[in-house]
Amino acid sequence: MPRFALIGAGFIGGVHATNLAAHPDVDFALVHDSDVERAKAVAAKHLCPATADLAEAFDPAVVDAVLVASSTDAHADHLRAAAAAGLPVLCEKPVDLDLARAVDVVGYVQDCGVTAMVDFNRRFDRDYAELRRLVVSGEVGDVHLIQMTTRGPTLPPLSYVAVSGGQMRDQTVHFFDLVRWISGLDPEAVFATGSTLVEPRLSEYGDVDVSAVTLRLPGGALVQIDSVRQIGYGYDERIEVLGSTGMVEARRHRSGAVMRYGAGYVAGDGMHAGWFERVAPSYRAALDHFVDALEHGTPVGPDLGAALKAQAVAEAATRSLASGEMEDVQYPELAYRM
Amino acid sequence: MPRFALIGAGFIGGVHATNLAAHPDVDFALVHDSDVERAKAVAAKHLCPATADLAEAFDPAVVDAVLVASSTDAHADHLRAAAAAGLPVLCEKPVDLDLARAVDVVGYVQDCGVTAMVDFNRRFDRDYAELRRLVVSGEVGDVHLIQMTTRGPTLPPLSYVAVSGGQMRDQTVHFFDLVRWISGLDPEAVFATGSTLVEPRLSEYGDVDVSAVTLRLPGGALVQIDSVRQIGYGYDERIEVLGSTGMVEARRHRSGAVMRYGAGYVAGDGMHAGWFERVAPSYRAALDHFVDALEHGTPVGPDLGAALKAQAVAEAATRSLASGEMEDVQYPELAYRM
Amino acid sequence: MPRFALIGAGFIGGVHATNLAAHPDVDFALVHDSDVERAKAVAAKHLCPATADLAEAFDPAVVDAVLVASSTDAHADHLRAAAAAGLPVLCEKPVDLDLARAVDVVGYVQDCGVTAMVDFNRRFDRDYAELRRLVVSGEVGDVHLIQMTTRGPTLPPLSYVAVSGGQMRDQTVHFFDLVRWISGLDPEAVFATGSTLVEPRLSEYGDVDVSAVTLRLPGGALVQIDSVRQIGYGYDERIEVLGSTGMVEARRHRSGAVMRYGAGYVAGDGMHAGWFERVAPSYRAALDHFVDALEHGTPVGPDLGAALKAQAVAEAATRSLASGEMEDVQYPELAYRM
Amino acid sequence: MPRFALIGAGFIGGVHATNLAAHPDVDFALVHDSDVERAKAVAAKHLCPATADLAEAFDPAVVDAVLVASSTDAHADHLRAAAAAGLPVLCEKPVDLDLARAVDVVGYVQDCGVTAMVDFNRRFDRDYAELRRLVVSGEVGDVHLIQMTTRGPTLPPLSYVAVSGGQMRDQTVHFFDLVRWISGLDPEAVFATGSTLVEPRLSEYGDVDVSAVTLRLPGGALVQIDSVRQIGYGYDERIEVLGSTGMVEARRHRSGAVMRYGAGYVAGDGMHAGWFERVAPSYRAALDHFVDALEHGTPVGPDLGAALKAQAVAEAATRSLASGEMEDVQYPELAYRM
């Protein structure tokens, strides 16, 4: 059983800790966080050692694989350290908010030849995987149009949003990856427009909280994505893929299946209160995939090249938000090596 | 175009008047009602003559067909008069609340050889017809179990209920007919139990307002029917047919397709406020069928024999309500001639 | 009862003829079509006179109101003739594909002071009206985002599409009107991009068959509309309105409510086969509204100014399809008089 | 953390083992099974000791609580042993298929004063709990009618069915318990009729595979339950509770939320393939409740008295299957002590 080090013991680190501890084929060996107390708290909950020594987390004598869930600005360094040690690594997105720096570290990781996967967990959502399976199997014929919705229940703290890179890089990027994964095509151009309807102060950061994105895919298929930071009715994601012969849809998820019938209405359980309730199983499934790939030496799902490509779309979308024009997507050359 | 006389200008007579007036292949020739003013009001609305002379409604020189929507206790006489005149007749259910009398008049109508149809309109509901088509086509394999729900929004006036023959003969009888029509089988035995939860005075008439019926079909398939006179959420009907290989369902109908998403709930348009909104199209479709049968000389859907058989099940169910035991269904011999 | 002349006896003229004939408060007085035989055929079906003399259709001695369902290029002349005769007029959209000419005739009609309504029938769809009622009542708070889908089952004949003015002016324009009606706001700017994925020859006319439109409303709310000429699964429309506190949705319509449960799937009735099955009731409701307005002297729903405004959005969208940039919407000054 | 012994390492024992191992507040201390190899296999999977010595599982020096998942005929002995040792016990249903013997052991356990809970796991289903919460809160007014469906995908092995006590005692009993729990009422009388439509050999054991049950509750409310051993479309449960002012429903569960739109149909993910996929979370929730009750000294959900009462309904239903008459439910006196 591979020994895993977990780097990062914040909220998402805690999620990964739970999944590592419960995984029957993983030896959860070590937790590190720059905040030692936070590492200790997570470690204690899962009867696993914590370390204040970052180097230990990359020591092949102690660990066989690394899960990077540190703060965004540390991802690149931790990816590099894992690669240098020859350790396979599963890393939270993004590689780095600076695309040039991200390209640089991905090149380094590739040269080291270690297995590296970015945790675009939505690829492991049961419904999105089924949707893709149907599209790939030809259920809808040629893809003509994709409609995507990504809406969060509440605006994250302004302090977080300020360093997130903006809505395109932070929120919509998951769906840029899904577009590529589902269609098998790299978007050519993107138009984005947005507003600050929830939190006016976002405009100080050049950011938006409601946005509409249009992508053009090679061959002319179109994609529309609406991204909203805060809605009043819970967490909401959905995808439609329209093709020449039919359509497939991954519907909204609700929190339960109870219905109330009254005079003039039928009401049911609403949406999940937060994003985590909706996507929690996908984190487990992503870890499963990574562990399985290690065991069998098979390729990992979204590799670092996929991360760069989704990020390149987000970059172009961010430019479009400012320019008000459709922008070509410029993919880093490196990505094509993958 | 056949000239139709309409006998009866009450609520359901008014429904038939509207359908006769709008039917492109019908000449709406005459309205009669024992209440002349009522006849005149309906006639005026559709620019059609009213008559106070009942004989005129059965005069082959004036009309080619008769639609009987008179009061229940007059159905038998009006059926008999139409048959005597050699006129095809479409008659509201029941033939007569007294089964012996009903058998008698049906025998007479048969001997006259006129086309006669009972207006079990639910056979002409789009969804129930599709459900039956699927069952007959083998979609679910052998029928094992049928679940039916029939629930009205408000108790009819006590004066009506008192002369209705009781819940089995008045309300559930539609579904006894549907069971026969969908399964192709005549129920062998029936168990019924009921309560007066809405209107205690019903018990003075030996009637109930909430009831549960179980039927056994030849071969062992079972049927459950719940019948409720008054519910708080509108009008509600549904049917499930479970077979050896699958299940088909005609779902509840709602009044619209608008949904509201709020914190913790998703609410939509409710059920139709009343039975008429739900089943109105089936009256038009039943008339279509009858007119079409006249034009092409083809057989009519639920003939009078079907009316007697459904009534025989209702009789046995009414006996079971009183006895608390499963009762055999005794079909009138006449019915087997049809 | 107002006497109506119907001008135009093509497919949509036939729809209007049926509704005029069945309307209890309308005297269906006359049918005219430039193709006399076509007029006669429709007239015969409804026992109503046909005329080859266009002037008769605008003769106040013969008719009290005119319903214009002639070919698109004749609308302006027929509107003008009705206005000159002082006759109220219900006119199919558009006023004229040439916006300048449309502005001109609308000015003339306004000066004549006759009641004039454009038949944007979707405003009379039960669900869209309910959706708007909820939005106006504050159900979702401030409007942040509107998502609309308009997809037809099959490409209309190329001969029709060629003179239709293009997808924006012909198909999407209904939804430009709905945006204004639901939000109460005039779109400020529009971005549109499209492809010819179904019929490559459309590009010869500068037209598209799959398109994605983004609108900006005053205050920053966004709208996304996908318009597709041909899909493989029937006729499909839907609208979502997301606001600061919740969301409302007018769902897709299906042709029935039957469900089939089999091994690994649940299947139900699909979408309506064509647009007409979906929207037929809205034509009746629009006529109702017009007749009611005539009777009570109340204002008509979408007046000609609304028609010009929706058309102005379609003009800007058509420019954006060519320019690839967001275009400002330029409303004709006239519209603001209304 | 309480140390738990698990007795029984068959399929359901394996489910409990997984839940015990993953529970953060449980020390999974011991596995016993009369088949030692089976115990060892389960124990090895969870890094927990197995024992061939039954006495050890009831030794207060080694364990603090016992989970009984042994074969049905051993439940009574294991309950008695736990009670004798003063150990709290969570026991799979039934207490014993022989009601007199069950009453006897329950009396003994009560006299010992230990905490004892029967694992009617469906009370811990999220949707059923929400349904009950709504009913108890008055959402539907007075309960008038309950509709329940319990249908399994495939007939269990004949060897199992033969010793199961029959469909009422084995399958429907869960819903007899739910009726009591949701309505707060003890059924007074029951009518049941059934057939062997799937497996004719069941009739050799006096058993059925399709059945229809009707219950009368105090005050006159009615319950209908259909129980089917084998259907072709997966695992299916649903409940409706109709009251004087509205209705609540716990809908069927599907395996996912993907929909396919094609010509004339809309299809989606089907039902869960088996019962376990549907109810797995309820086993975890039931264990949670038991552990929580131990920790806080609060009462446990379905106690052994509830088990006896549900069993008494099943006894009467089994009598009715044979007699064809409505049977009074005779509750053991003991139950009223609880």
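So that you can tell them apart, the chains are marked A, B, C and D in the order they are listed, and the count of residues begins at 1 in each.
By our rule, contacts are C-beta pairs under 8 Å (C-beta built on N, C-alpha and C of every residue); 3 or more make two chains touch, one makes a residue touch a chain.
These numbers were taken from a predicted model, which means no experiment stands behind them.
Participant: What's the fewest number of moves from subunit B to subunit D, given that each move must go to a chain touching the current one?
Facilitator: Step count on the best path from subunit B to subunit D: 1.
Participant: By mean C-alpha position, what chain is farthest away from subunit D?
Facilitator: C
Participant: Identify the chain pair with more contacting C-beta pairs: A-C or A-B.
Facilitator: By number of C-beta pairs in contact, A-C is the larger.
Participant: So what's the Cα centroid distance for subunit A and subunit B, whole Å?
Facilitator: 58
Participant: Return the distance between the CA-based centres of subunit A and subunit C, expressed in whole Å.
Facilitator: Roughly 42 Å separates the two chain centres.
Participant: Where in subunit D do residues touch two or more of the other chains?
Facilitator: Residues 232-233, 236, 245-247, 261-263, 269 of subunit D each touch two or more of the other chains.
Participant: Give the list of subunit D residues in touch with subunit A in this complex.
Facilitator: Touch residues, subunit D against subunit A: 22, 24, 45, 126-127, 130-131, 134, 139, 245-253, 256-263, 269.
Participant: If we count contacts the way the header does, which residues on subunit A are in touch with subunit C in the complex?
Facilitator: Touch residues, subunit A against subunit C: 140-142, 144-145, 147, 149, 151, 191, 193-198, 210-212, 214, 216, 219-224, 226, 228, 231-233, 236, 242-247, 324-326.
Participant: Looking at the complex, which residues from subunit D come into contact with subunit C?
Facilitator: Its residues touching subunit C are 232-234, 236, 254-255, 261-271, 273.
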